[in-house]
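Pasting the structures in now, so scroll down.
Okay, so chain A shows up in both of these, paired with chain B first and chain C after.
Right, the complex of A and B next:
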């Protein structure tokens, strides 16, 4: 796997959560990301899907070293980012850029659009004159479909879609190799979502970017990504190519997620596999034993309650962490 | 911008008029008068009547107010009742530079050390260093100046003989140090706490996370992104604080024997020296109005989202 751009191995992120104890505080670790291993090749688009709170965003932030991981490696082009000093990491950030979810609050409200987009250049290319930075900013603004008129505007004067274009321009100006999109369209109108998703696809092709695309919207992920990882309670339960995952989902959770996507054709809906899952997402503070999904899984067997299934198969094509994958019947005990 | 400033200044005129009327009524309504209980017993009633006539105190209150306002619009704040032969304008002209120099120095010292400590504490949030800075600043706020000022005079003036115990010395630096330090200590404490709180508030914002993800070094994240936004509450505090501290600190001026207007104000109030009290009140009110205007203008510099209206 040495040819991979990014190699995430056994990554774990926990947050100490204060539980009880007014005088003597007691902390329980919340496993936001629990032993995730994924790889990403140059120019590849990897989607990460899952319910709220399954650790998608935390995984992205841990890759970018915006949160500290407790365990595991994030090998970026041969270097483990986890071991870098903050200064070394800052210097490496020109290659790893990110688009956040909230379009407006991600930008400093006291800066003009031109300065927001140009700021990465002032740190990564300090030799550039102010005029050169402005030229680069205007070039990238036209690349993402923003009129030059917005150069001197402030973020609050822009619409959500325009703000997200600013985010993308700001991320691209440092000429990164990896673009992390953390729910980039979930705060936008559906019509704007389509524009931004198409823009991400376009810049991905134009700039030859690798993209990690996080979303809870399966149709968007299906449209953008070549490979998709499904997360549940901090773990990857299934990963595979888009076609493998959508046409032949193996994990009951993946099957349920795909079944929950609304169908535009009412006749097709009747034939759809009825496998919507019930129940709440268990608390990550106190995850279920064995397979974390067993409490909501229609196929759960006593074995699932006791033993944690590991991801089996080739993660580049299709791998699943389940004892009863696919249509296989549950053995009667 | 110019129209905005002009509009604000025009609104200030009725505000000051209202303050003049209200404070005039309140002061004259207080029992006693400027010529009661002078040393050597009561004054001869005839002399008293002459004095009251000379200063128009025998006229109805509305007439007195009218006469005072008439003087005011020509810039005449009237004579002092107690310090005969000196006008209120003279008293202010003599005392205000002392108080202003003292106050501005204290605010300057408070701003530098308060913000440094606040930023430091915010960067070391919830560590021993943070708690140490915050308890020190709480001490600075809690211990009153009438304790710190004599203490400083005692240690540095009397025992160590490093600095003068009291006196103004025509504003020599040596004479300024102790009063400025005594005046600045609570300001340092307050500003450190405001800065820390504002920094922490802003540092949770999404755009600070974006700034970090851009790859900016921590120094730029703090100065350009965090501190700039955190300046708003500091500026809000600073406006009225400057007005307050420049118009004199009674306690500090009394303890260090400084010829500022804070002392004149208190003496004026105790002696029912109406024109002195009125003059300094008007000065204070004007400064508050002007500084609030400046504060609002600074807001607009700091935050481009704030517009007219």
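Right, the complex of A and C next:
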């Protein structure tokens, strides 16, 4: 759809992984992202969830052209970012900003908070005077709830939550249209996490941002995102609106993820155990045949082992890649 | 009397900024087979409390008070005695499974080490026990895993090995410090199920140190909430979650974006940050962040008072409205 802000089509990212010895090197391709198609509208929040190693961060990095994709398109406002030259891409980056997971290591320890936040402006708008940059920095600092006192501080003097506010301010100062948040609250304590979640929701609404929000925490994703994609071993296995996904999850993996989230209520604790899955994410170097989830799936049938299910349905409302979705019983063979 | 009886434990660190008093008057009586959760944010002193009990403080740390294991004082005990306690009568699971296993020793070797050392078992006996324990923590194909190195195992597997290792000597107390924080939610659920199973199969008492209230709710019988080095509320898990008496506990609970909240409303986050340990506010340490703060809060330190059966809270208010 051309009306979309971002249109990811059949995106594939592979990393060569050395599997041979020292004398006879051999490389096996690791499919980190394997044929992902997703769209994002202006002002929309899309969540991407999955276990570590499912490719969710790689997908975000491929969208931002921070890793090379070997197949597919990333169409941003009508232009395919994959085909842009490095110079053209750099010029487009003011619209695509990112907040990373580790609050401390994503800042230069030798720069003050004021300079960290102002740096994107000095890059994208080099004709702005220093005084104008400072004014813009102070305005954005108040927007993200950072006192002006921190303007001359260094990152090590800040708490994790404050560092993450600096990251958000730095991302917003260039006035982007898309904000990619890669596990922005995973490293924070629960009370700070709540503050940052509220802040991301507030700036999303105030600035009319489109947001790609990556997290392994379904409860946070549910809180922030309108639409959610569930990834498993490099593929999207289910995508849908928040209500569809949480009230009527179709893929057994989505169901298991939802059931695995520990809820803060001792009375609700043990009625969901039957939905839990065993085992762990298989090695992406040697993915299972057919549906990659079949080894952990309570509903796996011989068909699942042989054939790869494709994503069926409308990705804007609900689509699932499964032969036995929902409560549907598995046919006996 | 319980298996572990800790009273008035205080921990101080000598630093360049002065004396840091990070654990204040911590008391806990742990019963056999019980699971107690210790909850708080980073810096609340929850980990240092148990490091102090096990004599694992850094050189500039000092602990005072009393910690009795089956009636025997172990706080600041001689190293010889502590060596018999650590890994034998008190097992410990640390947060980071990747860095807590020795990379040069096979899984089986490091599991058996403690048993041979503490209980003088032969290698063959220890091996049999190790395989049994690996099965207890549901490691498939235990015989093969026994002969592998830690780097060959995934994060969840390593954490299972850590748990198995801590259980080898059948300890009276198992201290689990953020055992699932580094793990995926699906694997976390599996690990919690294993710990839950331990409660019913053995009479090992479990202490679960965590900042995740969801984890606590699923497994703990009793919960202690710590803030700025002090226990501010303690009680049966059901009371802590459903008859909350301390505003900090309430704030923590409301900060969790649980599934039954309306996502169109902002989360009720606690404003501000925990105080630095060398600049605690006078009176109640939580008062600068508390929505119910009154003049009385700044004047005197609230003490833990009875709020129900086994339920105590340290707040000047009688009840939360």
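Here, the second predicted complex is superposed on the first by the 324 of 333 C-alpha atoms of A that agree within 3 Å, B and C clash if a C-alpha of one lies under 4 Å from a C-alpha of the other, contacts with A are read in each partner's own complex, and residues count from 1 in each chain.
To be clear about the criterion, contacts are C-beta pairs under 8 Å (C-beta built on N, C-alpha and C of every residue); 3 or more make two chains touch, one makes a residue touch a chain.
The structure displayed is predicted, hence computed values, not measured ones.
> Once chain A from each complex is brought into register, does chain C clash with chain B or fit beside it?
Overlaying the two structures gives chain B and chain C room side by side.
> Counting touched residues of chain A, say whether chain B or chain C comes out ahead.
So, of the two partners, C touches more residues of chain A.
> Tell me which partner A:317 touches in the superposition: chain B (first), chain C (second), both or neither.
Neither: A:317 stays clear of chain B and chain C.
> Once chain A of both complexes is superposed, is A:102 in touch with chain B (first), chain C (second), both, or neither?
first
> Would you check which partner chain A:154 touches, where first means chain B only, second means chain C only, and both and neither mean what they say?
First partner only.
> Going by the contact rule set out at the top, does A:242 touch chain B (first), chain C (second), both, or neither?
Only chain C is touched by A:242; chain B is not.
> What is the angle, as a multiple of 10 degrees, that the CA centres of chain B and chain C span when seen from the CA centre of chain A?
80
> Would you sort A:289 into first (chain B), second (chain C), both or neither based on which partner it touches?
Neither partner.
> Give one of first, second, both or neither to describe whether A:94 is in contact with chain B, with chain C, with both, or with none.
After superposition on chain A, A:94 lies in contact with chain B alone.
> How far apart, in Å, are the nearest Cα atoms of chain B and chain C after the overlay?
Between chain B and chain C, the minimum C-alpha distance equals 11 Å.
> Once the complexes are superposed, what residues of chain A are shared between the chain B interface and the chain C interface?
Common interface on chain A, chain B vs chain C: nothing in common.
> Okay, in this complex, where on chain C does chain A touch?
41-42, 154-157, 184-190, 192-193, 211-220, 237-238, 241-242, 251-259, 261, 263, 266-271, 273
> For chain A, which residues count as touching chain B in their complex?
Chain A reaches chain B through residues 64, 66, 86-87, 90-94, 97-98, 100, 102, 105-110, 112, 119-120, 123-124, 154, 156, 167, 170, 174.
> Across the complex, what residues on chain B touch chain A?
Touching chain A: residues 205-207, 209-218, 220, 225, 228-229, 302-305 of chain B.
> If you look only at chain A, which of its residues touch chain C in the complex?
51-52, 159, 161-162, 189-195, 197-198, 201-202, 216-220, 222-224, 242, 246, 256-270, 273, 276-278, 280-281
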